[in-house]
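The first chain written gets the first letter, and so on, giving A, B and C; residue counts start at 1 in each chain.
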């Protein structure tokens, strides 16, 4: 009995680890695209019906799903991306994401799974200092496809309570 | 000879890599518990006789084992956790850990091993900015158990020389 | 056909993942040496003919390969290391690197490969606060050897536009 249980746990852990590696690689690509300013490619990381939301932690903790940014579906993500691309021309800045502490939370029989990661977003205005713009955690639902993972849902919950009012860039 | 040596090195590296993955997953869970404010669960990451210490790097470099925080044994960790939980009610804040750069340093025949990781602890006071509260390195001794790794010793050595006097929250 | 393509992609991904793990471990050792102030060991991470450069992102984006720091060959890296070691005696500080978001970009038949990683360099002056000194991305060319990876080229491209004029310490 004990051995059987141990084997199952091992199998589960090994599976989670593989998912973790896949999420780490997904996040590296996702962040590289955003950091390169290629925001028009950003919707490609999501499924057609995906939900994307940026929410303050105090709201998330209170169960208030009111987001600073909310988009439903790739088309809305794309519209947002286009408007962001235009805005950024007027206030150029560099973004740099660092992600880590990935946790695989739960996997469905369908292969879909929930994961969390911590993120730090550093921002540098031209001729300005590098500042800690936003820090928090991604709450994700991933769908495996033959071309790799896609996000069915990404909720970026940020701890930062004082943020610049011009936050429109995806996290 | 050369081939044999190479194989041994490969085997050693593969073993270290597996331990590294386990430490990364341990740190992700450890930090998630602290960041969620579930400090009462924090002692569960340690062995019964564990040592926990937070020390300034200048003291650690000088061999002075005088810690800002010191606890020996799970009971003392638990007492500290309870008092922290009470303190935090008066000064609510959000913690966010990001860990990385894990190194496996040495493994005993018993399975016990020493590791290092870098950590950044960001703190956000309610209605305040997110600040770099503490940054440094964990010096750890891990014990493998059938339920996963446990800390026999965690020394959090922080670089930060100016810290808020209210530092009591575990790192 | 489809299955064959899938297998190849899998094989490629598995190979990339293994390289990623090796780069993560390389970066952990590289940063640990720098953070410990053992700058005289720093050239050992490079090939004999290696190129090392620290460049501002605005220059890199413009294709201007004018570096804040430039060294070609281990000897020049060594000379730089010696002069840095002397400088640091006058302005003691602690460095802490956190690296992440490793991407394997392309691998040659020879085994050489290109990779990227994000880095944050925190610096703490004695009796001063910990500050975000430099943040950016490594653009690397690695060569596998029987003793592990060596850098044939490391370009540290930093986002930070305002930096202390005393930046001489390797990133």
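Note that in this section contacts are C-beta pairs under 8 Å (C-beta built on N, C-alpha and C of every residue); 3 or more make two chains touch, one makes a residue touch a chain.
Just so it is clear, the structure is predicted and the values come from calculations on it, not from any experiment.
Colleague: Which chains are shared contacts of chain A and chain B?
Modeller: Looking at chain B and chain A together, the chains touching each of them are C.
Colleague: Would you mind reporting the rotation angle for the C-alpha fit of chain B onto chain C, rounded to the nearest 5 degrees?
Modeller: Rotating chain B by 120 degrees superposes it on chain C.
Colleague: I'd like the Å distance between the centres of chain A and chain C, where a centre is the mean of that chain's Cα atoms.
Modeller: Computed value for the inter-centroid distance: 25 Å.
Colleague: List, in ascending order, every residue of chain C touching at least 2 other chains.
Modeller: Residues 98, 100, 120, 132 of chain C each touch two or more of the other chains.
Colleague: Taking the touch rule as given, give the residues of chain C at its contact with chain B in the complex, in rising order.
Modeller: 21, 25, 27-29, 31-32, 35, 94, 96-100, 120, 122, 124-132, 146
Colleague: Across the complex, what residues on chain B touch chain C?
Modeller: Spelled out, the residues of chain B in touch with chain C are 6, 17, 20, 57-58, 98, 100-103, 116, 118, 120, 132, 134-137, 159-162.
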